[in-house]
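Order of writing sets the labels: A, B, C and D. Residues in every chain begin at 1.
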Amino acid sequence: MDDTRVTVWNEFRHEREDEASEECYPDGIHAVLAEAFEERGFAVETATLDEPEHGLTEEVLDETDVLTWWGHTAHDEVEDEVVERVQQRVLDGMGLIVLHSGHFSKIFKRLMGTSCDLKWREVGERERLWVVESGHSIADGIEEQVVVPNAEMYGERFDVPAPDELVFVSWFEGGEVFRSGCCYRRGSGRIFYFRPGHETYPIYRQPEIRRILGNAVEWAAAGSGARPEFGRAPEPPEKR
Amino acid sequence: MDDTRVTVWNEFRHEREDEASEECYPDGIHAVLAEAFEERGFAVETATLDEPEHGLTEEVLDETDVLTWWGHTAHDEVEDEVVERVQQRVLDGMGLIVLHSGHFSKIFKRLMGTSCDLKWREVGERERLWVVESGHSIADGIEEQVVVPNAEMYGERFDVPAPDELVFVSWFEGGEVFRSGCCYRRGSGRIFYFRPGHETYPIYRQPEIRRILGNAVEWAAAGSGARPEFGRAPEPPEKR
Amino acid sequence: MDDTRVTVWNEFRHEREDEASEECYPDGIHAVLAEAFEERGFAVETATLDEPEHGLTEEVLDETDVLTWWGHTAHDEVEDEVVERVQQRVLDGMGLIVLHSGHFSKIFKRLMGTSCDLKWREVGERERLWVVESGHSIADGIEEQVVVPNAEMYGERFDVPAPDELVFVSWFEGGEVFRSGCCYRRGSGRIFYFRPGHETYPIYRQPEIRRILGNAVEWAAAGSGARPEFGRAPEPPEKR
Amino acid sequence: MDDTRVTVWNEFRHEREDEASEECYPDGIHAVLAEAFEERGFAVETATLDEPEHGLTEEVLDETDVLTWWGHTAHDEVEDEVVERVQQRVLDGMGLIVLHSGHFSKIFKRLMGTSCDLKWREVGERERLWVVESGHSIADGIEEQVVVPNAEMYGERFDVPAPDELVFVSWFEGGEVFRSGCCYRRGSGRIFYFRPGHETYPIYRQPEIRRILGNAVEWAAAGSGARPEFGRAPEPPEKR
């Protein structure tokens, strides 16, 4: 019985404005992700851009162990105040999973400190996701590679800090590679960037991908540890 | 209900040959460690140097999720064949926790590839173990520092590879510092080096130290992930 | 003959407003740092907060290989536009050395993505700076430890990402430890955080500290490498 | 004027026993590598397996800043005593560059502590070597990718410790990826594993590959830093 609380955040624009996207994810990408996490036994809520405070109030975040983030066309519409709130919660120990085009979200760029830029091409080519850290819990139950039949290509150079743990590297039909599964520790929280996903390909319906995402939630929820004390410490532990 | 299987390995010489050590750990260091792990709910076995194959037969290792290692005066008596067996099991996913003077054990040096040398002094000085990675599960439930009233000093330079995750740094009364909690991933397994401990100080009876060791077992047992396939792969996944 | 171009940036407030600081650094901390870098053979310029654009115009940054940053009481007065400019130059390959209280500067927090918070105490206690990565070029020519007779204490937890390379760990008389020399790669640039320094202690006049700072400039200037291409890449390298 | 001293070590068997290899490297792979390093301005010596002590006497190693290693069919013939000698020199600060099939050499396995196993296929497929750490000096002067027209495939999982710095990731025509440029710090020395190379493909005649190898020598030679002192330290720096 797992009581991890996941909040699935979605920009939720493509699926209401683009026919191909609506066909692929009629109730929104968040609905399909939520279903995957519920199957895994997590307690799941969803939140979207157009809700007040984007659905990410203090109360919601306080009851979230792991937040997943999907955005693409409206990164700029996310209010800075909410971004700061999410950042603070991550530093205080909340897990964050950033999906695909979320690489360009305000929250990911802010937590990374870099441009998070990359190379891309959208022709539906094949992606092979190879496990490079075989003992990692995020790869648990996964074969040595996962094939995504049709994917948007993301290629290196991916301008992020070298990940604390690199779990997956992708191969693309067109000739590129990409660090597709990147783990970071920031503050007392954990961040996982996961490349696969797209608004018009049913990648989040693929069982291996759902397995990885569930593993990632468990990994990201595991942050806890010691609570740091900051600031002035006038009394030295050692008296002389 | 945790069914993690821990094997506590001990050289078990000091406690039978040295009066101060016998007084501190009358049934051997392994007995006190075993008790700590049983309190935590793990399934615990012990093994010692003077047993056949040092108590570390294939069968024993096959049923071990995490092996803890305490040795000091008889590192050279550990047979190379057993060392290789343990190394192989670590690469296949078993966890390994190396304690204090185990830094100079054959198994640790072999897995690190370096001299594992350090500076030391034995005058019973105070040690302060500070948490530097506050979100790490091995620091879960621990205050920002743990005080060890009487410790043998280990000082930098500690000649190991930079740890994949550095959890604790020690302060010593005499002026030195030490990277005291070091996490490594090797093959599909996980290794944790933990500095505190000594044959004549009751450090393994200290509640915070026992908590850390229990956390470390859980961390080290979490290796699993994808099973790698090695060797000749004549058929390319991509046919042209 | 080294033609590395260093720009020494200083907030330059303490030295004009506080008597003890003026006495210690009559022409400003930047003057003493500039002298140290000139002795080392670098081409040095200085810039301060109260200059237009804080002395950090596009032209100045374009001709800077390594920027050093000292600020303390006026972090908030640094304009966001200049911070963004410096960040962009770092990602494009400029080196950045952040000194002591610069841990709380806008530029450092932005590049790290964390709070960069820590514990502190100002009683002039002794600091011992130990080398933990003995083969690192920033420690070249340095003994195993450097003693700073009177220092402001900074203590862990230091809320930064785990450094890509950890060179120094400090011991303090009062009982704390600190990761005092932290290397980061961000974008195509390199960042070094160096703890020692203070507005009323003559730490930047100390020969070993100057040696380390000169080494750090050489390290930080060494970024170059491949120029990444980002964005849409419609033509796959592989044609089928 | 660079006075870096490089010793190029070669097993030198293929080129004398296999026609295709002799045609590709008539004077041995070491001759072509030596030529590349001489062009770069290094002082170069060569050594081969069948020389006394494999050409790696104490005197030779004492005058070597960076050793490059190519072996394939006769790893087992390298004497353990020489392997230990090389390991010790690396820990004392010598650079080591391990090439292609050298992943299975005794010296590399000993320094890594893992199996160093991988997946392979020899059909002369195309390899694309992508730069993933754009600011790294080993990628200096290199475009974002290097194409090797005909290569033996090496595929993940590559069973090595996560590299301290990952510079290149390879894409292969047949569908695999590989971490092809891996930097490690061990003791006071630096190690670079570089995948490209083969006894029957003229890869070491390719200008970009030679550029990378020259950059790697400069990187590996840069180890120096503080000389650590190990062992008993009876006098604490702090007297009370």
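Please note the rule applied: a contact is a pair of C-beta atoms (placed from the backbone, for glycine too) under 8 Å apart; a residue touches a chain by one contact, two chains touch by 3 or more.
All values derive from a computational prediction rather than experimental measurement.
Chains that touch both chain A and chain D are the following: B, C. For chain C, the chain with the farthest CA centroid is B. For chain pairs B-D and A-B, the one joined by more C-beta pairs in contact is B-D. Residue numbering at the chain B/chain C interface overlaps substantially, since over half of the positions present are found in both copies. The distance from the centre of chain A to the centre of chain B, with each centre set as the mean of the Cα atoms, comes to 33 Å. Between the Cα centres of chain B and chain C there is a gap of 36 Å.
Shown for chain C are the residues that touch two or more other chains, namely 128, 131, 133-134, 144, 155-157, 159, 162, 164-165, 172-173, 175-176, 185, 187, 226, 228-229, 237-238, 240.
Residues 87, 91, 110-115, 117-121, 123, 125, 153, 155-157, 159, 161-162, 164, 172-176, 184-187, 226, 228-234, 236-238, 240 of chain B are the ones touching chain D in the complex. Of all residues in chain A, those touching chain D in their complex are 128, 130-134, 144, 155-159, 162, 165-166, 169-172, 175-177, 179, 240.
Residue ranges of chain B in contact with chain A, taken from their complex: 93, 126, 128, 131, 133-140, 142-145, 147, 164-165, 173, 185, 187-190, 222-229, 237-238.
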